[in-house]
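Which chain is which? They are A, B, C and D, in the order written, and residues in each are numbered from 1.
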Amino acid sequence: MQWINILVQGSLLGGFYALFAIGLSMSFGIMRLVNIAHGDFIVLSAYVGMIAVDATGLNPFLSLIIVMPAMFLLGYALQRGLLNFTLSGGLLPPLLVTFGISVIIQNGLLQGFGAYDHRLKEGAIETASLHLPGGFDVGVFPLLVFAVAVASIGSLQVLFYWTRLGRAFRAVSDDADTAELMGIDNRKLYAVAFGIAMVFTAIAGILFGIRTIFDPAAGPIRLILAFEAVIIGGLGSLWGTLIGGMVLGIAQEIGAALNPNWQILAGHVAFLALLIMRPSGLFPRTRD
Amino acid sequence: MTVLLKLENVCKFYGALKAVDDINVEVESGEALAVIGPNGAGKTTLFNLISGDVAATKGRIAFEGADVTAKAPHARCRLGIGRSYQIPHPFANMSVFENLLVGAIFGGGVTERESYLRCSDVLKLTGLYDKANVPARTLTLLQRKRLEMARALALRPKLLLLDEIAGGLTEHECAELVRTIKDIHAQGTTIVWIEHIVHALLSVASRLIVMNFGQLLAQGVPREVMANARVREVYMGIPVS
Amino acid sequence: MTLLLRTRDLSAFYGDFQALFAINVDIEEGETVAVIGANGAGKTTFLRTIAGALPTAPQAVLFAGQPIGGKTAHDIVRLGIAMVPEGRRLFPSLTVEENLLLGTHSERKGPWSLKRVYELFPRLRELRHLPAPSLSGGQQQMAAIGRALMSNPRLLLCDELSLGLAPVVIRDIYQCLGAITAEGTTAVLVEQDINRALDASARFYCFQEGRLALTAPTKNFDRAALTAAYFGL
Amino acid sequence: MDAAVESVRVERATKASRVFAVLAALALAALISLPWWGDAGDMRLIAEMAYYVALAQLWNLLAGYAGLVSVGQQAYVGLGGYMLFYLTGVWNMNVYAAALIAGPFAGLVAIPVSFAVFRLRGAYFAIGTWVVSEVFALLASLIAVLGAGSGLSLTVPILQEISTHRDTRDAILYLMTLGASLFVTGIVYLLLRSRHGLALTAIRDSEPASASLGVNTFGTKFIIYIATATCTGLIGALIFLQKLRISPEAGFSINDWTVVVIFMVVIGGIGTIEGPFIGMLIFIFLREWLADYGTYYLILLGLIAIVIMLKAPSGIWGWVIQRYDLQLFPVGRRLVLRPLEKAAKR
């Protein structure tokens, strides 16, 4: 019974990590951009949500009406004005530039809001839980997060496979030069892709802010968790990212069951072990 | 004559694509062998297989009688296989002289001091002596092609693989390069040369092989191979006068 | 007849390597012209430069009188120049039909639609929901041509249509190409298979080492001169 | 034959490098004598500059030459620091011996780590090294004898082992750090000057071409990874000997020990020995200049790094080299040319 509980809790936690990972997976998959600042964008979204809640008195969930477009615009502008120029010169330029953005966001938040913890208050939903037959409890909020993760990936699935824009995303990911010969403006498309990635980052950020306390330095660990989910799942595979997140979540819950302090460590160890066994992830695409 | 290099049933498959498909070739010591074939015939892949840049899917590669199929590129180089790349890969921020030193020291297995004289000689042979101390990034295309060759020569190879070393050069530059390659061959180095400029090839090579779809289409004395009807058809589509 | 494509002293570089030297070419609307030459002669570079994949001087390429040398590839498609790239370059994670639909991103109106492409290549209709890599080489080549047609080009650039295909398949492809050009689409064919290229075109340009070595009509030309131009003998 | 060998001459030093060597020797003499004329604050700042230069040289060797873009070098800084505190505090080892062991220990740990991370390429390698360092940080926070989450402090007896006088102790710690930094920079310089430097520079410029000329690229990268881990561990031990306290967050901080170091290298000029010095000076200058305004200096540093990466990716010194062909640390070799005879020239 305890093991079933671990599997359930771990899977739900995995949904959370998959949600962290969606934006990263998109920019990684479409423009091969290693976005080191991704975790900081999640945290930034939580801060933007906090400002929106404070200013308007909106419920944190509803603050997404403001946070999502704001993050879309930020993403679009950053890709257009900055990140597009890092894509042709190997690994170092995108890595370094996004490290720079990361440091700027972290210290900007630190200067603007101090080092204190913040939290988005949602009320009863944070602690509510469902009693399932068999005697274990499932938190309503983790369930909601998982559902949002599945819905997000589902909507991206629809976007990628049922729309003209999604077709262009896949084409550019396959072969950017040839896509350009078909009349696609890659730079603009990348900007739209990064904007959309940031919309999902905004959702992740708001749910993150409701679930736990956050501070300006909370980004890097979210980035690592997101990376682990993406890489375990296999680069560019959206449902693989969900599975990757779940593998990570379950490994962490197993670790936590053995010793409460081992949770994060168990996730990292599982990640490294999987990476050594399968460097291209569980569900690699046939062509990179 | 002794066999220097021997390829037995060598294949390289990329998924369904048969880049090199069951090739059997012997290269004799002291020989100059020319390789031609249309785009995508597998010529460069053949070089990559010999130099170890790609691993063979099947088959066996022997150098001086020893099996080198599983050896890393640097190990094959130290046995005496030198190569140039079709697109020059100069060490752009090192001087021309230092480019050569890398080959002499690591491929040729001599100490740094011993290698100075050798590199100086190769620089003279390849016409790069005046450029010895300039960064390789400042060289013209011809000089870069010469550097590709000079670097491989610095390791005193028994076998020198030249991959389209004359491509993109003017006629005059090409003639100059051919002279140098003749000198190198005259000094006893075995040469395998891929090129599309047939007249240049034929002025050096004593034997010609033609590749098509990863396979060996024909081999033999150049004039006879070029007169072969299938070669004409595949290579050019029309009869060569 | 109107002049559709004109290049004036067209040069192209890969880094500091000059691949094309002062190429002057004039192509009339409705013509089919072959570009031949040995490997590395600059044929593909020539097409890529016209298509905007390689930069050149704005005035070096005039399309319907308009200088396009400085434009980006995606802008040039929108003006009506479509490319069938060497090696097909279909998008492997897209189905055949999605590959064709990608041609519509140029947003050009004209006679070509999915329906018409399937009429031209009926086999593609049967295969339309398969992923592109599962097609045979010839079918992929048809899809690549169809994808280019979907942008309703005035000028079709075909790079090595015959590469890696069996002779019977090549014949089929060239038959379809004839049907396309018969409707007035101008075409430039880059080929290593000289006979095939000369059969399908009225004129040819022979490149050698990045330079224009010979140009002549495909009927009644000096074979010895072509051999000389081809090999630089 | 001998005469022929004699006739080929190769020069290593340049005029600029000779002038610079004299200036550097003078500057070094001034730095060594600092304890006799500077105060504790000066020594602390210079020591910090010294260890940052060393870290930057090491990361530059790794990423700028061997092409191993690691973002997990903090793993070895932390390991070195923890090893020092553990050996002195738990095993009562002599503090100098502990500092000397800390480096090789980090190098030893790097061997199994390399088996894992060397399976990864590019971005995967970068993230893999980071995760490894997170694992080390988490392990440190779990192990009771390492003080778990709160870390370890150097006890007074250990400090008194160095010297019972505070001023003397400060001077000794300062000189140790300066010496270690000099040692690391010297090793990097000598390595790059040697035949192995030739191989490393070749790998940096083109990996396939180096392999085809006989350079064992994998072996070279492996040795560089282990060697930089060893030196990083040594520097880590000395950093925390100065700081007197270590905790998992401080020891394995990616921002402190890797991100700012990467910024320094990129701003100064990746793939040069001069670059890390320039980058470090800019970092320290910004920090001291903006000391009263919190962490704005880090924002500014990040902005400068972004601009440099996009506009002048070879960094400040890379720009200088391209313009003036200047080499302060002569790692190059110049063949002394002689006029060729007419016949040879053809």
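We adopt the following convention: a contact is a pair of C-beta atoms (placed from the backbone, for glycine too) under 8 Å apart; a residue touches a chain by one contact, two chains touch by 3 or more.
Remember, it's a predicted structure, so these values are computed and weren't measured experimentally.
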Graph distance between chain A and chain C, where chains that touch are linked: 1
Result of counting contacting C-beta pairs for B-D and B-C, higher pair: B-D
Greatest separation from chain C - chain, by CA centre: D
CA centroid of chain B to CA centroid of chain C, Å: 32
Gap in Å, rounded to a whole number, between the CA centres of chain D and chain B: 40
Euclidean distance of C-alpha centroids - chain C vs chain D, Å: 53
Centroid distance [mean C-alpha coordinates] between chain B and chain A, Å: 50
Sites on chain B at which at least two other chains make contact: none
Each pair of chains that touches, named by its two labels: A-C, A-D, B-C, B-D
Contact set on chain A toward chain C in their complex: 164, 167-168, 170-171, 173-175, 177-186, 285-287
Chain C residues touching chain A - in the complex, by the definition given at the top: 51-53, 72-74, 77-78, 83, 85, 89, 91-94, 98, 101-103, 105-107, 133, 147, 151
Contact footprint of chain B on chain C as seen in their complex: 16-19, 38-40, 160, 163-164, 192-197, 209-210, 223-224, 226-227, 230-233
Chain B - residues contacting chain D, complex: 51-53, 72-75, 77-78, 82-83, 85, 89-95, 97-99, 101-103, 105-109, 112, 116-117, 119-120, 123-124, 129-130, 132-133, 151-152, 154-155, 179
Interface residues, chain D side, partner chain A - complex: 63, 69, 71, 116, 119-120, 122-124, 126-128, 130-132, 134-135, 138-139, 141-142, 254-255, 259, 262-263, 266, 270, 294-296, 298-299, 301-303, 305-306, 309-310, 313
